[in-house]
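Read through the structures below before going on.
Each of the two complexes below includes subunit A, the first together with subunit B, the second together with subunit C.
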Partner chain A sequence: MRRKTWRRQLLTLPPTGYLLLFFAVPSIIMLFASFRYAGEYGGLAPWYYYEAGEFSLDLTLENWQRLFESEIYLLLFLKSIGYALLTSLLCILLGYPLALMIARRPKRQRDLLLLLVILPFWSNFLVRIYAWMIIFSPAGALTQMVNGLLGLFGLGPVTLMYSTTAVIVTLVYVHLPFMVLPLYANLEKQSPALLDAAQDLGANSWRRFWHVTWPLSLPGIYAGSILVFIPVLGMFAIPDLLGGTDSIMIANVIKQQFVESRDWPFGSVLSMVMTVAAVLVVLLGARLARQGVARG
Partner chain B sequence: MKKLLASLVLMGTTQLAAAQGTSLYLFNWNDYIAEEAVAAFEQSCHCQLVQDYYSSTEEMMAKLQAGASGYDVVVPSQNAVQALVKQGALAPLDKGALPNLKNIDPAFLDRGYDPGNGYSVPYAFTTTLIGYNESELGKLGIDAADWSVIFDPMVLEKIKGKVTVMDDAQELFGAALKYLGYSVNDHDEKHLREAQQVIRTAKPYWAAFNSSSYIKELTVGNIWVAHGYSSDMVQAQADAAAAGRHFTINFALPRQGAVLALDNLVIPKSAKNKALAHQFLNFMMDGKHAAGVTNEVGAGNPNAAATAFISEEIKAQTAIFPDPATLALLEPLEESSPKVRRLLNKLWTEIKIR
Partner chain C sequence: MLEIKDVSRRFDSFVALDRVNLTIAAGEFFTLLGPSGCGKTTLLRMIAGFDQPDDGDILLDGRSLIATPPEQRPLHTIFQNYALFPHMTVAENIAFPLRMAGCAREEIAGRVARALEDVRLPDKGRHYPDALSGGQKQRIAIARALVNRPRLLLLDEPLSALDAKLREQMQLELITLQKEVGITFIYVTHDQGEALALSHRIAVMNGGHIVQVDEPSRLYGFPNSRFVADFIGHCNLLGGVVTAVQTGDATVELDGLGTVQTVIQPAAGVAVGRRCTLTLRPEKTHISTTLTPGEEAAHFRGVVHDMLYLGDVTVYKVELANGMIVEALLANSAPGRARFFEVGDAVEVAWRLDAGHLVME
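Up next is the complex of A and B:
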């Protein structure tokens, strides 16, 4: 018995080591950087001085104070969380029917349909964003169609490119497969016998869905939401390329600190806050998923 | 972003060339050297010129800061030269190996960023100006040679949603400071806040902050006014003409003055082949070869000997080839202190959040 646990622990050593090396260590370095001064040309200033035999630390709380000095950073976090929530919600609305439809198909068709969901990943992320720039441009097909429809109701033409709408649509597009795949994995596992039993007991199709399929699929929804929420929270390329004059997210400001402002310590502060926010979301998601499993 | 792909491809070529004998490694702005000059240099030195590219000063600085070595020549703008010299990242130039230095217009030598040109020689310059759709603005009777075209609500009212400005705090604040009659290097907090107010007032009329695709947007006709680099506007003008558009693109230097970016050739301390690097610098200061960057790319030229080789058509354009009176209105951006950078970033974030 004892030997068995020992062996099991040995097996978890590589993943644990990996997480320590690539998550814990960088996070600690970043936390430390958030208390240091910025170097004049980027990078960091020395964190200690050794002068005339005397050793002195050169650390500061100033970077963290700046976070609370003005409400803009807090507002930006809230705004980014809002974008990420909206994207997750839209992905659930679009992804759930799709995953359910695929899961209920015969086996052969399922594989083909899944392949189609994954297909966009075969082209580069930036290429897909540039494709959306063409679609959203005033002469693009989507804009023409939307304005044609609006014109029927006597409404003025709208601009889609460079807007928050464009940012959200593209965020949903890019992250939809991350919602569909875990949902599909969950829905596909559900035994059809459960639905048959419910039908035998006189449940109509809506009740069968709401009382059987939906509660059982909650862990899939939480897993998908985490997979969508976290990368969206850290997204900067999409607001940069498709956003209007007010569509920036927190990651754009973090990028600015490391590149344009050459202010690594403040960039570290903002990154730390974002990491903590992401970890909290994962914990919440995992907790909800466990409850879902326990209930199911 | 596109440059990322380009540099990946280049990493491939770099290794290839290394296998074929002597090579000179040039870290350059994208599209910032004449093909002709490259070919001529390769022939004269019996070596390969291997280029790697960047699209912003920050990108180049970040890469060098992160320890990128192996580049023999880099092409930083004046403020980056100043920073690189202070960091001790550059090798002092051996003037004896650079007889063609005499060709450079003295107005561009011995400037504050590198007194005595101990580390850098001027290569080319661009200005940040206004590129515009000549046909559309002509119909509206709008004067593009004035910063009011991107800042004054009275003017912007007529072109709402058809304007982009650079997604670059220093450049945009520089333009707003010029509009207010201050220097682009004015770091007084009160003046910076005034500039922020100017930007905030104008922002609702702009389509986007855009430093990456305004050439395309102008050429396609989606955007009528773009704040950007002169060499890019030359490109947009040529592209629109080549595509046979029913409108024409032009560019104008605002009369209040603008930001000038003077790009220089420097040799990093870590360069492997300093002798060949000096040979390249001297070669590029030869009038005939120096003219290429103006004729092909549309950049301004600090080389007096190049004038004879520059096409008359380009010489007539003051935005590329400024006369002394215009040149006096152009200001290079200076390196700013960490405190100023922080303030600027805060003002910038306040502008962009809503």
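Up next is the complex of A and C:
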């Protein structure tokens, strides 16, 4: 028994070390930075002074106060969470039928279809964003088609580029595989005997889905939602390249603090808030998923 | 009640069922028995509606079931691994068919409670299936399938996942339950012992055909073919040729052994010159050290080749003059049992005139 726990600890050592090194330590550094002053030319000012044999700390709460001075940051956080939720929801709506369709195909087709789902990962992220810029451009096929359709109803032409619509569409496009893969993994291992049993006991195809497939797939949905929600929350490239002035997200502001404004401490404050929000979402999702797994 | 008429099913070039005909009576405990791949599960899935026959018809009370989807057939299936819904409590599982049928909430609660009592698990309603033992899951699956009183219950090797002791207990429970509810059971198994213990009638299947349909005791005592004799219980199969037929018995020249007399059944198709197999159950095959003239119709010398001590009985495998191994069963409780035989002992194998059963080839 003792040997077993000892071995288990040894096994968990690499992931624990990884988390400590790449999550806990940077977070602590950021937390610390959020209480420091910005350096004159960017970076951070020293956190203590040692003058005439006297040691004094030079830390401040100013950065955190600034967070609450203007409601703009809170609103930006809420808006980003809104974008992330909307993206997750759209990914569920689009990804669920796809994952289900793949999971119900014969084994050989499944592998090919899964490959197609992850194929975009083989090209560079920015290249794919630029591809969308072409699609959304005023002369692009999508814009032409949308305006053609609108024209039929006598509605004015619209621009898709530099809009919230473009941002959401691209966020969904980029993150869809993160929803499809865990959902597929879940749906694929669901026992077909359960559907037979449900049908045998009087459930038509809609009720089989609603009473069996759907509740059993909830852990997959939670897992996929976490995988979509968190990167979207921290996304700045897509709003930067495809968004207008009204579609910036909190990560754009964080990036601004570190790059343009050279205000690392305030950037750290915003980062900390976002990290805490992300951790809370993970905890919630993991809890929900575990409940599902315990029964599934 | 249930009629299976000329049902055939092919998968590509493989014939899973070849013009199968069966009639199952109301209230019967009917078993489809056969080795894997014999078509029994295909037939069961067709009755349930999960598969469609290429030819033929399945009738319930004279009406064809073919066009009715599984969810609308008045029958339920017990699946091999129970197929309980893991995300629902036991009570929710049992309520499922009632909900699908649109029963009122209060009625559902009452019937679920009664169903749980019927399977003697009244306090398990709030548990999830994962928290149940194999036997309990089995009972819940049965409760779920019987709660809305189907006309037929199909059972697909339901006991195969249980250990031997529990299986025997569940067999007894199934017999009692079937008697109580009076619903027709169609049971699929490859386990001949289980089939004999449970069924009113058994259809032995092989290669997509029904070989024999009969009551367990008749199937065991009077198999209609070498296959059935071999598949049901243990059996010595002695090949030979019929040399003479008299009223009530026949003379058979057994390959490499000699002539024996044996009782024949009327209408068994016994005719002089035909090849046949004398099927002889080990418990009707006697062995002894000395020749015991009298009732025995056949005597052959042999040597004990192997023996299996099973506690209640001992199985002796005796090698006969023609190199054939014959099994003989000796009850260890037999009064005045002189002694055990040992491997290598020269013995006399004998059986009575009516011990064997002759099947034609």
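In the analysis below, the second predicted complex is superposed on the first by the 293 of 296 C-alpha atoms of A that agree within 3 Å, B and C clash if a C-alpha of one lies under 4 Å from a C-alpha of the other, contacts with A are read in each partner's own complex, and residues count from 1 in each chain.
One rule holds in what follows: a residue touches a chain if its C-beta (ideal position, glycine included) is under 8 Å from a C-beta of that chain, and two chains touch if they have at least 3 such contacts.
Computed from a prediction, not measured in an experiment: that's the story for all the values here.
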Q.
What does the overlay on subunit A give for subunit B and subunit C, a clash or a fit?
A. fit
Q.
With both complexes overlaid on chain A, does A:Gln257 touch subunit B (first), subunit C (second), both or neither?
A. first
Q.
One more residue to check, A:Arg207. First (subunit B), second (subunit C), both or neither?
A. second
Q. More residues of subunit A are touched by which partner: subunit B or subunit C?
A. B
Q) Touch check for A:Val273: first (subunit B), second (subunit C), both, or neither? A) neither
Q: Could you say whether A:Ser191 touches subunit B, subunit C, both of them, or neither, answering first, second, both or neither?
A: second
Q. Is A:Leu216 in contact with subunit B, with subunit C, with both, or with neither (first, second, both, neither)?
A. second
Q. Hey, in the superposed model, what angle do you get at subunit A between subunit B and subunit C, Cα centres, nearest 10 degrees?
A. 150
Q. Looking at the superposed set of three chains, what is the minimum CA distance between subunit B and subunit C in Å?
A. 44
Q: Could you list which residues of subunit A make contact with subunit B in one structure and with subunit C in the other?
A: none
Q. In their complex, what parts of subunit B are in touch with subunit A?
A. 1, 58-59, 61-62, 65, 83, 86-87, 161, 167-170, 203-204, 206-210, 212-213, 220, 222, 338, 341-342, 344-346, 348-350, 352-354
Q: Enumerate the contact residues on subunit A facing subunit B in the complex.
A: 38, 40-43, 70, 72-73, 75-76, 79, 126, 133, 137-139, 159, 161-162, 237, 240-241, 243-246, 248, 252-253, 256-263, 266
Q: Enumerate the contact residues on subunit A facing subunit C in the complex.
A: 191, 193-194, 196-204, 207, 211-212, 215-216, 292, 294-296
Q) What does subunit C use to touch subunit A in their complex? A) 48, 50, 69-72, 76-77, 79-81, 83-87, 96-97, 100-101, 128, 130, 144-145, 148
